[in-house]
Amino acid sequence: MTVPQASPASAAKRSKGADDQASLIVQGVDATGIVAAVTLLLSKHGANIVSLDQYSDNPQGGAFFQRTVFGLDGLQAALPALRADLDEGLAKRYGLTCTLRDLSVPQRMAIFASKSDHCLLDLLWRHRRGQLPVRIPMVFSNHPDVAEEVRSFGIPFFHVPSMGADKSAAEAEHLRLLRGNVDFVVLARYMQILSGDFIEQAGVPIINIHHSFLPAFIGAGPYAKAKERGVKLVGATAHYVTQDLDEGPIIEQDVVRVNHADTAADLTRRGADVERAVLSRAVLWHAEDRVIRHGNHTIVFA
Amino acid sequence: MTVPQASPASAAKRSKGADDQASLIVQGVDATGIVAAVTLLLSKHGANIVSLDQYSDNPQGGAFFQRTVFGLDGLQAALPALRADLDEGLAKRYGLTCTLRDLSVPQRMAIFASKSDHCLLDLLWRHRRGQLPVRIPMVFSNHPDVAEEVRSFGIPFFHVPSMGADKSAAEAEHLRLLRGNVDFVVLARYMQILSGDFIEQAGVPIINIHHSFLPAFIGAGPYAKAKERGVKLVGATAHYVTQDLDEGPIIEQDVVRVNHADTAADLTRRGADVERAVLSRAVLWHAEDRVIRHGNHTIVFA
Amino acid sequence: MTVPQASPASAAKRSKGADDQASLIVQGVDATGIVAAVTLLLSKHGANIVSLDQYSDNPQGGAFFQRTVFGLDGLQAALPALRADLDEGLAKRYGLTCTLRDLSVPQRMAIFASKSDHCLLDLLWRHRRGQLPVRIPMVFSNHPDVAEEVRSFGIPFFHVPSMGADKSAAEAEHLRLLRGNVDFVVLARYMQILSGDFIEQAGVPIINIHHSFLPAFIGAGPYAKAKERGVKLVGATAHYVTQDLDEGPIIEQDVVRVNHADTAADLTRRGADVERAVLSRAVLWHAEDRVIRHGNHTIVFA
Amino acid sequence: MTVPQASPASAAKRSKGADDQASLIVQGVDATGIVAAVTLLLSKHGANIVSLDQYSDNPQGGAFFQRTVFGLDGLQAALPALRADLDEGLAKRYGLTCTLRDLSVPQRMAIFASKSDHCLLDLLWRHRRGQLPVRIPMVFSNHPDVAEEVRSFGIPFFHVPSMGADKSAAEAEHLRLLRGNVDFVVLARYMQILSGDFIEQAGVPIINIHHSFLPAFIGAGPYAKAKERGVKLVGATAHYVTQDLDEGPIIEQDVVRVNHADTAADLTRRGADVERAVLSRAVLWHAEDRVIRHGNHTIVFA
């Protein structure tokens, strides 16, 4: 079955939005007047604020974060002047970092998978229903099993086998195909460890789903460990991948109740439901520019 | 045991705040430039925005809501000029309603209770721990049972018996004591129905906890009805009281899982845990000006 | 892609079980000694009890329910003698109803769907993973859209269009195909109302997913009603279908938190996640004989 | 205010029970026929089974656990004969451990607290409402602050100060008062570490509430650690105390959602709500003989 990919227009609709909406992320050191400066600048360009979220970890010189979604007739034509003004009025004057993105252009997301298909399929289903405002130019797996299913969604599938301890060839192949083609990567229960070199060269955010409530049960086999420890809840954690395995900034977490009668296999099955839910939320929020990284934390304007 | 009431200073601390913080609620018809106008006006007065939440149900002329908490040195001295400016720059110019409140002055909350003490005690405990930024000048009950316990928290207790169908005498007594002394009223499982006349004359918001997940099981005996219907969850709803019983704007809701083995008494017991949690959250949010009423709905910036 | 259906053997494995396991449901009027009588009878046949759940709504002559899963070498050969003994020792002696089922023979489940595919796909996908111990001999829809996708799971799809107010022709077609071929029916967001006549003639349990927390928002358009009422949670309810629309015995319910910023479309999207989770749990429990109907209630040994 | 302790009779009512009910816990190596043997034995004594829960971690010679609550007219007079029969028919014959307890005699529970009163007060208040079927003969604290409040519940309070590193004097005082007077101990946010010697000499189960989702954030200051790690949920764990700090068998756990805007103080406040809920459930289940220890795990028939 060939199901055409959701078009950018319908995907963008998820953002309650029109073709003429943009998101602006501003972050830096807090100071009096930043919110006013941002909103005044947008106002001068005729922008209408659709939503505004703001957070400061300390109003006296702490870290400041603001996400603003606004509408502006003829957005694309107006972007260069707006960017210049942001650069002048906010970046230079307040030392703030400004990230402006046209919401009618969905981010491009690559998915890496292995044998487990629950996270992968959940993302593809939601995408097909128009619930994830992204394009999916490619899915990778180190196993060929899901090829036909992925392609039935109208999405290219590339089988890149893992070849033992030396991953350099596989990673080179990944990098060659990713380069310039994606805005972020999602590891949908991809069971290979990425090298620090790969993470650096990919140069885009990488989101992973860890099948436990971090920092409990770090590493491999968390459900077996959870069974061994006799916990009453199992969970999942979506986080950005950093050089420190399992230690990157957490985006989202959730848990599900289990009991003594659940075997390790039962925990795995129940955990899978939480994994796909947590990963889908994290991907949606990232795709809508709702997640801001700061040190090893995230600010999530969900 | 006499435990002194939390002082205003410590209560206000809950608002992550200092003595010089205020909240500003702005609402009206959405239009381009409102957020900028509000933040610019605050900025001109030297205010530093601590947090800003905003919502519009339709950027093209829908209803607009904004809650801003800001710090300002010498707040109390500056309030009159700020109020005048808000009136001129926002109320008159944009037709917006502005509500400004000095957060160092806690709202005054009266509690009405009957025989069940779980909601009442939870509010008193949280207040004593400094978790509810309110003053509690009085607790009413139509039963004398909890008098000594309430007074042990250092809070005045007034027994106003209900006298049959004609509630006018009891309501007159309530109104006489409330008038001018409270900013809002909480019905903590108060088992008497308030007359429309009382609601009108009280002239302050009244928060009720309904022991069901509204609109399921409206009216009396919801746990018996829930048992009868065989539901798998029971819930509670905190809402503002209006002339339409059980139909006022919902502030907060939650549920808890039950099963076939739970008797109606078990549902009541489990429901009580949800009731006190839901009511406490609703009261906290109301006390921090996080709840805005709009028609029969609420906007909750929690 | 053609994925073969999970074989009975692997499906039965979900029941932590072997080929030689059976479930026995006993229900009737409670009396002293029933549990002993059941377990002794099983013991005499050499059965090893794997799990036993029991509930009585009143030990003094109330309604009694027991679910026992047991292992027995050479189960199939032993079944006739066991049945005879149950009939003699429990049914006749205590007036109990006994239902014995060989767990190595999965129940046969038909699915009815319409345009929304989230519940349908979740069931098909869980079945393929070996998580639902059922066979799925047929899927019906009044729309042809999902035909190819259903068939990609290796499952027959039948398009039976609905033809206006008179449903008799469509229902006759359904009945013709169902008769003798299925043990229960699942309505996976099937948007047609079944006639009382159909329910009666189908003669098997029918499970429906209602997209609201029953009894709130009964009938059509529950998410629009939930938005209108301003609720803070939306839910879903799986129940057995009876002649009284939306009033049948509830099997499972769950909710998800929403807020003022969620549109009716957002509620629909969030609700869909709860719907598929609730329906999947209800189907699994039914398939494993964990749900016992009693009047308009269910006893769920989950 | 002096509120008399709930009488044993009313406390026992919580167990849906009457004066003539008992609980029987059976555990050992699984074998064919155990459930039948237990129920038959009870049946022969004229006992009527009120509820029966059973679990085996492997029907082929794994560990077997059964909790049976039964009613028996003239229970107390019948207990010696029943005990003898259990000893003969189950303990000797099957090598099972049998624990029989008259449910009309509530277990005696001592509470240890420090300055935080939320867990302590929740237990005392639930007890007063008749929701915890225990007697509370004494409350200890290393701080005098809560003395008057505890005594207002009609319960003796003993102030045993902690005196630096050497805890032997304080522990000796505790042991002297506990000896023979209590059936289990609850540490309701008691901030002193118990010595291995104390645990051994106390000779009764000790339940602790750990303010984190174990095994995440083991040890002191878990909320600060949780804030540092940027988690999206904080939790609490009730467990039996063993020589291995924070490593004892888990009875119950739960979590609550937090976000980037919550300070460590907010996490502490939100965590407190989870702590008291988790501890109350664990205490109730222990008091009703619903928790069976096995190695470092628990079987909880809740």
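Think of it as A, B, C and D in the order they're written, each chain with its own count starting at 1.
Convention: a residue touches a chain if its C-beta (ideal position, glycine included) is under 8 Å from a C-beta of that chain, and two chains touch if they have at least 3 such contacts.
On a predicted model such as this, the values are computed, not experimentally measured, just so you know.
Peer 1: On a CA-centroid basis, which chain has its centre farthest from subunit D's?
Peer 2: A
Peer 1: Report the chain pair from B-D, A-D or C-D that duplicates the B-C interface, where duplication means over half of the contact pairs agree by residue number.
Peer 2: It is A-D that reproduces the contact pattern of B-C.
Peer 1: Please work out which of A-B and A-C is bridged by more C-beta pairs in contact, and write that pair.
Peer 2: Contact tally favours A-B.
Peer 1: Provide the C-alpha centroid distance between subunit A and subunit C, rounded to the nearest whole angstrom.
Peer 2: Each chain reduced to its C-alpha mean, subunit A and subunit C end up 36 Å apart.
Peer 1: Specify, in ascending order, the residues of subunit A that touch 2 or more different other chains.
Peer 2: 51, 55, 261
Peer 1: Can you list the residues on subunit D that touch subunit A in the complex?
Peer 2: By the definition above, subunit D touches subunit A via 55, 213-217, 229-233, 235, 249-255, 259-261, 296-300.
Peer 1: Quick check on the complex: what are the subunit D residues that touch subunit C?
Peer 2: By the definition above, subunit D touches subunit C via 32-37, 39-40, 42-43, 46-56, 59, 71.
Peer 1: Which stretch or stretches of subunit C touch subunit A in the complex?
Peer 2: Those residues of subunit C that touch subunit A are 1, 16, 51, 118, 121, 125, 129, 131, 148-149, 152, 261, 263, 269, 273, 277.
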